[in-house]
Amino acid sequence: MSWLQDPVTIQCLYIVAFALFIYGLMGLTGPRTAVRGNMLAAVGMAIAILATALTPGMGNWWLILLGVVLGTAIGIPAARKVKMTAMPQMVALFNGVGGGAVALVAWVEFRQTHGFAGEPAHVSIATLFAALIGSVSFWGSNVAFGKLQEILPGRPISVGRLQQPLNLLLLVLGVACGVAVVAGGTSEWLMIGILVSSALLGLMVVLPIGGADMPVVISLLNALTGLSAAATGIALDNTALIVAGMIVGASGTILTNLMAKAMNRSIPAIVAGGFGGTGGPSSSGPTDKIVRQTSASDAAIQMSYARQVVVVPGYGMAVAQAQHAVREMAKELESKGVAVYYAIHPVAGRMPGHMNVLLAEADVPYEHLKEMDEINGEFSRTDVALVIGANDVTNPAAHTDPGSPIYGMPILNVNESKSVIVLKRSMSPGFAGVDNDLYYDPRTSMLFGDAKKSVSAVVEELRAL
Amino acid sequence: MSWLQDPVTIQCLYIVAFALFIYGLMGLTGPRTAVRGNMLAAVGMAIAILATALTPGMGNWWLILLGVVLGTAIGIPAARKVKMTAMPQMVALFNGVGGGAVALVAWVEFRQTHGFAGEPAHVSIATLFAALIGSVSFWGSNVAFGKLQEILPGRPISVGRLQQPLNLLLLVLGVACGVAVVAGGTSEWLMIGILVSSALLGLMVVLPIGGADMPVVISLLNALTGLSAAATGIALDNTALIVAGMIVGASGTILTNLMAKAMNRSIPAIVAGGFGGTGGPSSSGPTDKIVRQTSASDAAIQMSYARQVVVVPGYGMAVAQAQHAVREMAKELESKGVAVYYAIHPVAGRMPGHMNVLLAEADVPYEHLKEMDEINGEFSRTDVALVIGANDVTNPAAHTDPGSPIYGMPILNVNESKSVIVLKRSMSPGFAGVDNDLYYDPRTSMLFGDAKKSVSAVVEELRAL
Amino acid sequence: MLVQNLAILVLAGFVGFAVISKVPNTLHTPLMSGTNAIHGIVLLGALIVLGLGATGTLDQILLVIAIAFGTINVVGGFLVTDRMLGMFKAKEPRE
Amino acid sequence: MLVQNLAILVLAGFVGFAVISKVPNTLHTPLMSGTNAIHGIVLLGALIVLGLGATGTLDQILLVIAIAFGTINVVGGFLVTDRMLGMFKAKEPRE
Amino acid sequence: MADTQNIVVGVPRESAPGERRVALVPRVVGRLRSAGLNIVVEPGAGGGALMSDWLYEEAGATLGDPWACDVVVKVAAPTDEEIGRLKPGSVLIGFLGTNVADALATRDVHGLAMEAIPRISRAQAMDALSSQSSVAGYLAALLGAQHLTRFYPMLTTAAGTVPPAKVLVLGAGVAGLQALATARRLGAQTTGYDVRPEVAEQVRSVGAKWLDLGIEAVGDGGYARALTDEERAEQLKRLNEAVIGYDVVITTAQVPGRKAPVLVTEDSVTAMRAGSVVVDLAGESGGNCELSVPGEAVVRHDVTIVAPLNLPAAMPESASELYSRNVQALLELLIADGRLKLDFDDEIIASACVTRRS
Amino acid sequence: MADTQNIVVGVPRESAPGERRVALVPRVVGRLRSAGLNIVVEPGAGGGALMSDWLYEEAGATLGDPWACDVVVKVAAPTDEEIGRLKPGSVLIGFLGTNVADALATRDVHGLAMEAIPRISRAQAMDALSSQSSVAGYLAALLGAQHLTRFYPMLTTAAGTVPPAKVLVLGAGVAGLQALATARRLGAQTTGYDVRPEVAEQVRSVGAKWLDLGIEAVGDGGYARALTDEERAEQLKRLNEAVIGYDVVITTAQVPGRKAPVLVTEDSVTAMRAGSVVVDLAGESGGNCELSVPGEAVVRHDVTIVAPLNLPAAMPESASELYSRNVQALLELLIADGRLKLDFDDEIIASACVTRRS
């Protein structure tokens, strides 16, 4: 293999490349540095590709060009045109083709070396591992894409109680073919056996998983693709591949864990879903209307990047006795240069002046309390309206629905602000007992839970930013 | 070099060893995992040594044994007997001998290869780098040890305005000798030139640094020793050395930075001190009595490991309006299972009931407020008494000094608790205008700064634990 | 050779673990997408195998596909990540 | 060989950087001491050079000293760290 | 609304003894003026609330006879003599009570009773019961502090520690909640009790504890129903025990249209610590305490029992201001297209009108 | 201390009009009993504070003639008649004022004046001026709330928003600080003013703003000195401007041994908003407000001016309890080895004794 004799420069370029990957990845973990992190990683990739192109003895330039042009022609428009809401499936697709590339390279390797004749064991093992994982990733990702894109039905599809034994069988089959190859088998059917059984395995594992768990599954497949890339690197003795692949494998695993935790799911439970367990579908209200949930950290980021946040307290803040936490949150935001006001509705709470008493207890300066008439003009200039345990006083039905018991009551026009975050424990109605359409507004997201706990969680996230 | 042909197992053992180092280091960054982290790193070290011993062709066993026995005989008692207060100089000493070992190995390498005749350039460069840095580290660390152990005078010693040019000269001399060797020079005097000039450099840089900055300097030298070890690893093509050395080099650099930041010093400023700048000595009161300073994070750790904390608020808490932050801190501690009480002295503050009003505003439950008579019996059972802006009401002179204007006033016996942390802005006295001996008690440590800022910092540290 | 690659593998794993500690939820998807783009490095494998003279039409076709796949992964990955991160970019200075 | 060692060096550096993020002040000294013990690994260098047949009395004396130094660094380093960490060990259960 | 100039609103001086409130304050007069109404204020109308005539004039009102106006706004119910001065076809607004409907109808005057406005969301701005109850609740907590021979807040001083006072509020409606919140601000330890169980959460939401006696009596429209005899006996028994530990007991329990229930018996008072206080806000409807003397503060068994009448009148400016805004909101409902028009299809007007039923 | 049985302490019933306090409360009687003293209480002594005789008996006191005892403890200064009943050689403790020294000396009675105890750290437990000032400050804030025709706290309600009241305290000594803290608890926006500049920090430490008029007058022993005529004119000019914006002005300014300085002039009052309140705690020494009528609440220019006399007596139990503890601390200083002994080398006793100088 001639590329072993490559000049030190190429290897050094590889080192530079993976250093950029790592540095970029570090950046991607913080909101302030994420954009630059992604850029740096992209530069690293360019350097790695350049270094490879420099490798003495490279040929087949036209074919290479063909592939690159093809890939670019497909990749760029796909990435450019996809809607923001369709991002997750796009990531799934990109991940899938990566896995596919790994599997294909492994297959060709097998063919070129006539079944790894004369190659050391670690080369064949690594290549076969790459083939198996790459293939699982390819097909699994495609199913995930199909489900999210609603080409395939989003609900779990499973063959029932046979699921688990079947999956196991496929895995054993693939591994058996691999063992046969390492033991000296050179028949291409063995290789095809690996590819096919792992393809089926990828399909079978992902099909029974519900749409809500898809992001976690995609992340898992992403980590797997990383591992398969690292295996390819071992086989080809290519440092850049090893490092980049392994970093993705490791960080992807951690990330999968974090995502599952943030969604209150466990990875085994999700994958077990693929083995016949229950993969609960994404919860939505009794009606068809869609409710968007958010998390404390998302709320924290959203607010910390806002210029003006208006807090709308209501009876729920009083019940949760969240006033001190709210004040703390406001202080954190103010220290980040965000302007924070409190919109006090005349009948928020359950007694005249209820909000005043509580906010005064928490030492909120009187100047920050805004009366309804004063603040209603401000909402259109507000980036985030944070509704804390208020309900009726924000209900647009008071304006729009003459049949509603609250029709005619003046309300806080929170729905005029750029986005609304509502903190309450459930979808249950407030004092007047009527549903609130605000919660189904596309600009609204809900942070469910006790107001004090939620606000405290937001405070912690703000501090961590 | 025969060890190139070593079996894969030895290399794998090295990998296991450095994996343990890394894992152990991760543990060392958290209070909960630190002890285990250190153990794991030690196990890693044992594995690395074992692997080396397994290397085929090893000989000179008696000499090796001699060295090991010597080292053990000196190291164990030294580590066992040293007083807790003398730990930093002990670390300096251990670091120094590490650097010394590197320098010696480099010297021998030079002699064995007759000036690196026939060795590739990277081997000679790495070895000479190791020699230079190792020697600086050895002599610098010894000076640091001498200063802290008070063998050498603690105050900065410098040769005045010549310091900087002299240091530069020494560095240039050492590097010049190195260049000569790499260029083909084989005279041992060149090597000795490197060792001697870097030894002088080490002495000259550390001598002018004041005692207060020593911990930072030791950490810096520690990082340098790590780098020299990594260089040795490159020269000897030994993975374990490369990885372990480099990790220490990198983490040591970060750590040095953190330490300097925590002490509000900048590394350049400290080292510049060594180049003739000002290395302020550790501040102590106008008298000879010693005041111990602490940091928010130390206070946080101390309290989070306590069973009972008694908060002693005073006028300073009122001035800082720190009551809300105090309440928050108590909540954090309580969530960690620490019992928190408030000791309210009858005349704390400037008006009757001053503390009551403030703590009630912060929603401290009345049951947690303890009167003086009630709490004074509790202090002996208290792990940490946290004195927040109180002064006269804790002054033992009220009991002991009949000449004091506060003689005869009842006080809170905070000095009976296991440790006392005092939050105030300076050493200035309180209402009565008298000095407080409590602050010089060996069990007392001071956290200087505005009470609200200090308490908020403690809260953040508690959250981070 | 192999053992040094192993050392590299282990170290890279630690880097991966250590780098991702506390990531805000909002960054989960961009981060996933970013790492996804990085494993587009498999493109290198395909380039090397084809560039260093894979023969046979089937093999060449497979490799061209692999290169196309890898390119999609790299190009699409970074672009999509960048778009997702748009919300962190559009930060006007605050008064 | 060299370049792979370089790769390892760079990776190890990243590990070192990434591992130390937020360390409470109280742990600064123990952590310094712990890393100090780890660079006691230089002992290996001395062992190898002596073990694999360094000749000459001066060289051997120097190496014995180096081994003793390295051993002190390792043994003393870990022990002292452990003692410093005593405060985190003596944790009785809280009621 | 510029063509509403022809509508004239009259603001008489309140004649009821001790009534210091006024139906419209100068600030609201100004607002109504700019909405196009003419306001006639009786000289001295704002005197009780320390608002002089020239403040009214400054706000655009004219001084004169208010009784001849199209709309007459009052706080308390008018006397017969006053009713006699009303212009036929005019509208009278105020707390009218149950006795004036016939007289008004005879004179062909529409009477709109503020207390009869339904407590629906849309009518909250006109809800004078709530606004005046707020004032009463706040003042009740202060009255307790004033008559108690002890401190509300805990105080640690060189002369020893004073423990915080314990305040119990019986009946946690609007006034009760406000009393709880106010007493807590002053540092008292507060507890609330009511027969409507949903109030428990509201009591906690103002930082007070909830006293659970296990008796529930939910009536219509958010009000309590009267208890059965058995329940009443049971309640009294348990309250007798509970009340003893408190320094201040504030009672606000009302059942619409009935005599106020007795919650604090003589036995309870006897058992309370000397120097304690009972503030009985239900004095007007007979009192929640057996020993109350409406309108007076008496000491019985070393306990001070205060049963103020018309407490909101003790803070006349704020009470009047809130009341004026309630009146303003109602006026806005009455005037359409610049003309005064009582739309009896509107639930609010239909319920509030006392003369239409008769 | 078991052999102190022979010392008898007498607690008379206060004879001054409106004085509801008592020099020893039952709880402190109990403590003194267990320290071995005998206590004789005049029947009805605790009546004003609503503490009945049997509470005293329960605590171990006997009812009888208190004037014949070894030590007589009072709150207010005794009348000539009362002085005549004192046993020669006995000790009288109380707020004695400046007029009784001669009469006491004639009867060979040692008079210890509570108000003359030096304000040194060791004497804090006996500092009745401070303890009674605390009570006064707290009550002054409540008095303001009660007389103000508006709310202290901000209140956003369906009937509009009530802004918070602004409270200004002139003279931020013990009473002033307490008034600031109490008013703030109730939701008012508070500001403090004093001539001693070091008080600024203390004012801020109770959450109030500091009004800086640029006049400093620090006297001895932590008290203020009297201002020069120029300073006084300058102060009044600046205060006149400052006072206008406030709803409640509480004045506590005193200069020891002099008439209280005038801080609020008639002009200021005229300029204040109608319905505002001035609470003048310096009524006893002439008042800080020109229009004060000591002991009364008067309305002038639509502003209520309250100048209570002996405000602590309005919260008799707490005031008496704190005072009793002060007395207890002083008694402990007087009794050594079971015998009553006035050690005139002790700074506290020397300063407090009014009969020794004469």
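Going in written order, the chains are labelled A, B, C, D, E and F, and every chain counts its residues from 1.
In this section, a contact is a pair of C-beta atoms (placed from the backbone, for glycine too) under 8 Å apart; a residue touches a chain by one contact, two chains touch by 3 or more.
Computed from a predicted model, the values in this text were never measured in an experiment.
Taking the definition of touch as given, a chain qualifies here only if it contacts chain C and chain F alike; those chains are A, B. Counting C-beta pairs in contact across A-F and across B-F shows that the higher total falls to B-F.
Set against the C-alpha centre of chain B, every other chain centre is closer than that of E.
Note: the chain lying farthest from chain A is F, by mean C-alpha position. Copies chain C and chain D of the same chain sequence form an interface built mainly from equivalent positions, shared numbers / all numbers used being over half. Taking each chain's centre as the mean of its C-alpha atoms, chain C lies 35 Å from chain D. Chain D and chain F, compared by their mean Cα positions, are separated by 72 Å. Chain centres here are Cα averages; for chain B and chain D they lie 16 Å apart. For the pair chain B and chain E, the distance between C-alpha centroids works out to 68 Å.
Shared contact sites, meaning residues of chain E that touch two or more other chains, fall at 124-125, 130-131, 134, 153, 155, 157-160, 162, 185, 187, 207. Multi-chain contact residues of chain A, defined as those touching 2 or more other chains: 18, 22, 26, 239, 243, 346-347, 352-353, 357, 360-361, 363.
Looking at chain D, residues 1-2, 4-5, 7-8, 11-12, 14-15, 18-19, 21 sit in touch with two or more other chains.
Which chains touch which is summed up as A-B, A-C, A-D, A-E, A-F, B-C, B-D, B-E, B-F, C-D, E-F.
Within the complex formed with chain D, the residues of chain C that make contact are 1, 4-5, 7-8, 11-12, 14-15, 18-19, 21. Residues 324, 327-328, 361-363, 460, 463 of chain B touch chain A in their complex. Those residues of chain B that touch chain C in the complex are listed here as 8, 11-12, 14-15, 18-19, 22, 26, 239, 243. Per the touch definition, chain C reaches chain B in the complex via residues 2-4, 6-7, 10-11, 14, 18. Listed in rising order, the residues of chain B touching chain E in the complex are 344-348, 352-353, 355-357, 360, 363, 366, 369, 371.
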